[in-house]
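Dumping the structure here so I can ask a few things about it.
As written, the chains take the letters A, B, C, D and E, and residue 1 is the first residue of each chain.
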Amino acid sequence: MNVTRDRLVTPLVFVALLAVPLLFFDPSTTYISRRFIRVIIFAIFAMALNIIFGETNQLILFMGGIAAVGAYTTALLAQYLGISPWLTLVVGALFAGTFGALVCYVAARRQFTVIVLAIVTFAFQMIISEVLVGLRDITRGSTGFPFRGLELPAVEQLTGLGPFAVQFYVLVAIFAAVLGVYTWLKRSKYGLAFAAIRQDEFAARATGVNVIRLKVFAGFVATFIIGLVGPFYGQTTGLIIPSLFSFNTVDVLVLIVLVLGGLRSRYGPLVGAAVVIYIDNFLGNFGQWRTVAFGILLTILFLYFRDGIVPSLQSLVDDREFPAALSGALGRGKSK
Amino acid sequence: MLARGAELLVDGLARGMILSLLGLGITLVFGLGGILNLVLGVFAVVAVIVCSFILGVVPELLVAGVGGVAAVALFALVVDRSVLSLVYEEEGEDRELLGIFVTLGLSLLFEGLLFVFFADSFFLESDVPSIDLGGASITGSSIAVIVSASVLFGLIYYFFNYTYLGIATRTVIQDETGSILCGIRPRRVQSIVFVLSAAIAGAGGILYALDAEVAPASAFELTTFAIMVSIVGGVDSIRGTVAAGIVLGIIITVAGALFGSYLSTVTLFAAAIAVLIYKPEQIS
Amino acid sequence: MLTATNVTKRFGGLVAVDGVDFSIGEEEIVGLIGPNGAGKTTLFNTITGVHPPNEGSIDFDGEELVGKTPNQVAQRGVARTFQAVRTFNESTVLENVLTGAVFGNSESVSMNEAEDRARDALEFVGLDGLESEEAGSLTIADRKQLELAKGLSAQPELILVDEIGAGLTPKEIDEITQTIERARDERGVSVFWIEHIMEAIMSVTDRIIVLNRGEKIADGTPEEIRSNEAVTQAYLGEVES
Amino acid sequence: MGGGDGDGDGGTDASGGTSNGDGATTGTSSGGSGEIVVGGLQPYTGPYAQTTQEFVDGFNFRREEINANGGVLGRDLIFEDRDTQLDPAEASTLATELIEAEDAVALTGSISSDIGLTVAPIAEQNQVPHVPQFVGSADFLTRDSRYNFRMGLAPAPTNARAVAQFIEDQGFQSVGAIVADYSYGRNWEASMNQLFPDDIDLQMEVAPFGESSFTTYLRSMPDDIELLISASHPPGVFTIYNQLQGLDNVNPDYVIGRSDAKLSANALGDSVTQGFLAQTQPDPFSDQYAEVAQRYYDQTGNWFGALNAVGYVVADLIGTAIEDAGEANPTAVAESIRNVNLDTLFASPIQYTEWGELENLVQLMTAFETGAPDYYPDGSVNLTEQFRSEPLPAYDPSSDLLS
Amino acid sequence: MTLVDVSGLDVHYGDLQVLWDISLEVREEDSVVSIVGPNGAGKTTLLKTLSGILTPTNGSVEVLGQDVSRVPSDEIVERGFVQVSEERNLFGDLSVEANLRMGSFTKRENFAENRDMVFEMFPVLEDRRDKNARTLSGGEQQMLAIGRGLMAEPEVLAFDEPSNALAPQLAEQVFETIEEISDDVTVILVEQHVDRALQLADRGYLLENGRIETEGSGAELLESDAIKEGYLRG
């Protein structure tokens, strides 16, 4: 990694993020505010996936379900105890993280391959959806319930910012924290261990790496993050509802965001989220052709840009050899 | 009571055999070529649609069914020769992941097209009369399903165990270079298997439509079930997939009758998870 | 230092290792030979916790290894290399060795300390200067050296070496044999070494253990093994002796 | 929405008349003086793809007629449709966007209770009328609703009331029903229990919403069953009917399915003539319907079905309401919808209660026979009127019928 | 007649050039042609190029009169050039017999006959005919790989380090087998056991760093300094 460039990029990214609400948030166009919030949320989801999948090669397909676990726990517990969801937020995240860690533990112990773990978690995703719809008496079934308990009226008053702006800043703070954790992980012993696990789990074990513990650790961190952001995701729509957390609405999108942005890159998730959410909204204008257009786009992007936007740009800047970088971007060869 | 149980079992068996066929569609391509084919459900739906159009002209289900399957095979061939060729250039895990992503994109594309152009619901009728077996009434469609699926299983089993080409498909998954050294062309075998899997899924879809409504929205559901069945069956085992489909079919039918609610779906996925956790070492 | 008693490992009906007893002393180089499929690699796997034995016990410095996971065994001070090289090919040479230095040890090693150890090990095997190369770009011989360095950087007491000479030229074999001997002489590491190449193994081992169909059929100095009737029959054949 | 930044300053709702001055950021807004935008929340992807397409065809047919006749208030009526993918969360996002970015004067297109229930509060908060295609949930409207209006699908109690009249009319003694395990299905269950004659045998089976195999449920129906209600399981209607054909010991005289006669005939083929009934609100036997259907056929070559009619009616309703209001302001439009008395393709004139429920609705039980409607000579089945209900009282959400 | 004719061959992996200007030939009258050289010299790369698995960047490769870059690699097998590769590439989950059967993919009509011939040559394979290839010992696997190669009725059979990882006794057995079949088939032999390989060879090539350094008859090479110093012990 190029450290000087990193020093330059990070402040730039955050200045840009902090400026977003001032530039674009307007009370009469809340839909624009929401788009930006969605970008941040999906960027954080993708960061979490980056940690668990990018680093330790555990592909989970129940991110929607985990986010739902976080959101429902937070909201329902707050309601039940009659306290603010800000207090139950961490409980929800811990619950989600524990669940995720447990699944990862079983998978690591039983030595599931990537695909088997993917399918097991996919099955869990289906079960979570079914249960949320089925336990109508507790969860209010498929129509969900309104949720906007994660506001900070005091901060709004103090700063004169609208609720969406405040929410955006809260999420930027979470994003920064996750980015910090990720950067630290990569540069510490964990980074070494992750690289070893990813390339040859068996050899990693023989070298002394506690593969199971690390996989569970990565699983916990990732699902904790997803569970933490879940309630904010509900907050943005103003609703907590099963369909918000379905496989198609969360997992598919997060995967696309991560792969497109760039697996194992620090800013890939953010860039990917921005691009994908933009495309998603843009395609809305296609009416009944939306799905078709989305499918074509996905296929093309994966076939020709699967090394990710950020890594491609990086190599473009790094070696300045245009033809080589271009062929990298067009991604026939395997990524380094 | 006994008759009711028998009815349930037969219904479950028929349903299970359909699941087995769909599962085989996944098993063949993933087990033999490393591509998790998320377009499978689309193949099933397209077969039903074509079949139903042919029925409008030639009112003979067998003819129309073969027509539907043939059309899907052709469709699959085009997909294989064009997009999948790019995927097959990769190897190992790269191919697996690219396979998932590309077929995901393709499935959205095709589903979208179906929604725009063929959004109707489709049913097919078997004309097989229902029969009475010791008080248990067995529906005509169940009979049609069980008989035709059995024949298909037999053919598939024979193909993969007793023909050169069938065994060659297994060499390609086990060692692509090895198969080249034997004079087998992996890409050709992969194409054949892909087309075959689409045809099997098409047949599964047609049998499914004898009983239930098939619409573009069914594609995702059918793919999901197919993946579950295939994974529970061991991903690369044809026999395992057939068994898994039948067992899961009976489980959801019985669970549906007993609990009569959303729990039957939960049961299906829970059963799948249980099997996976219990014996994942069989699953590569 | 390592004492194995009555180690037995079965795969289904197949008895891959059958009631084997042996020991390895401090700073000793012990060879392990035997026909293909005799159970040599499997014996390694029972020691390292990959395939825990069905019966028997393996004592290492007073500690029972049976029941420990591979990473625990590695951290107790038993490093290993693989029959088919398993370096982390997308990582750099230095990162490979660092992984061993950081994790292959029960003490908590700081990154700086680990890097020192790693560079030291690389120099020891003669790979210094290649630190930032991708491991995958090295020749087979160098990758075998790299595996050795990765093991040694953990400062193990014992290193298990599986057919490190296979596929190497005589010259390369000589080099790697010397590295192994120096590891014992200069670093005090014991070596347990599987090899089919007799020239290599006969020249530096203190003792050789012979397996055949899972059973130990001989255990002695190279000279004793060379003249052992059973070994000649089962393994060496009429050729080189 | 309430939590939105819009709360602080109250009435910043999008309105057809005033330009927001933020055109730079909203980009495509076209709601100013030129055109009047109606927002469509269409489930183009998902199980109702066909249903929504029919609606859109009917809607656009009427909309283009209106525009060809000089538009409303001299302005063109524009349709901004979005694919909700039958996802309530997506629908709620799109609804907000259509209101804020496109200055939609009304929203339509919603299908299913889930979508209806999530879009309803958005309509209320932004004070933009919402006329869904099919939302049957009793909870869609409360006594305080002012911007949501029932349309193509009546609430379960109203439908059940019509069926109860049909049962009495025919003198059925043994009735079965398959109920979907979600709010609309459960509303039917409660309504049937409450409203059906006490002296009949009523056998109800609850099946999951996404069920695809109903044989088990059908087998538990009594042998002498005369009427089977499957309308209480909308997504399963066709499958239920089809699987019923395969069972010889369960033989009801009639099966009440969904309201879409045309789709039913397309999906079920000839077997639809064997007792399938479509419970419809548009009156396909009226002269007015026949006349519109003829025009539709002349223009498109297609059969003008009940779903097309609902789309047509919505366009008609919104157009009329804007004309009545004299301005394309959503609040005013909602007000004039509430006061409308529109004689269009429904079997009864469209009239709303204060809270947006259809009043004095008349429903038809439409059966099928071989032949073709006059206005669609290419067809192979024709519709016959099996039963016509009395005007049905509007469902009052404050009643305890469903509790 | 020239069975294999290579001239001016360059091969790359991506940007990395591995073979440089290689020219060699194998004639019908040769019984064994050996190629020796250190690790990474490019021996395997050369054989893979002959089999059409790798495509050359420069030069021409004609195998049995056919330019290999113009035909798919399976057709090269059909024409009679078969390789027993370094990794053996057996089908682990297929039985011994099924492996042999796949070997006869291009000569199906003679399957039974050829199989019996292989069984005669390696009786142990007949004992294990129903066992999956994975469960065989290393030596048995090598025999199976050779047997599978023979099933295609090759004119030229190329071996890539057939004695690799074999116990000395088995290694010797393999060399004897090669000697035996070289009566009927022209053998190309890549070996680390340089002395054995050159003893068997009519002609040999020494490949170093992707270039042919020396060529000559087996006996000549055995006596050459290059070989003596680099590849033979004491």
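Note that in this section a residue touches a chain if its C-beta (ideal position, glycine included) is under 8 Å from a C-beta of that chain, and two chains touch if they have at least 3 such contacts.
The chain list, named the UniProt way, goes like this: B = Branched-chain amino acid transport system permease protein; C, E = Branched-chain amino acid transport system ATP-binding protein.
Small disclaimer: the values here were computed from a predicted structure and weren't measured.
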Partner chains that chain C and chain D have in common: A
From chain E, the most remote chain by mean C-alpha position: D
Between the pairs A-C and A-B, the one where more C-beta pairs touch: A-B
Chain A and chain D, separation of their C-alpha mean positions in angstrom: 38
Inter-centroid spacing, chain E versus chain C (mean Cα positions, whole Å): 31
Centroid spacing, where centroids are CA-atom means, of chain A and chain E in whole angstrom: 51
Touching two or more other chains - residues of chain D: 44-45, 49, 53, 181, 209
Junction residues of chain B - those touching two or more other chains: 111-112, 115-116, 261-262, 265
For chain A, residues that touch 2 or more chains besides their own: 133-134, 248, 288, 290-291
Pairs of chains found to touch, sorted by chain label: A-B, A-C, A-D, B-D, B-E, C-E
Chain B - residues contacting chain D, complex: 4, 7-8, 11, 15, 111-112, 115-116, 119-123, 125, 130, 137, 139-142, 211-213, 215-217, 221, 253, 256-257, 260-262, 264-265
Sites on chain D touched by chain A in the complex: 1-9, 12, 14, 20, 22, 25-26, 28, 42, 44-45, 49, 53, 81-83, 85, 87-90, 92-94, 96-97, 100-101, 113-114, 117-118, 121, 139, 181-183, 209
Partner chain A, residues of chain B touching it in the complex: 30, 36, 83, 86-87, 89-90, 93-94, 96-98, 101-102, 104-113, 115-116, 220, 224, 227-228, 231, 235, 261-263, 265-266, 269-270, 272-273, 276-277, 280-281, 283-284
Sites on chain C touched by chain E in the complex: 14, 34-37, 83, 139-141, 163, 166-172, 196, 198-199, 235-240
Contacting residues of chain B [partner chain E, same complex]: 164, 167-168, 170-171, 174-175, 177-185
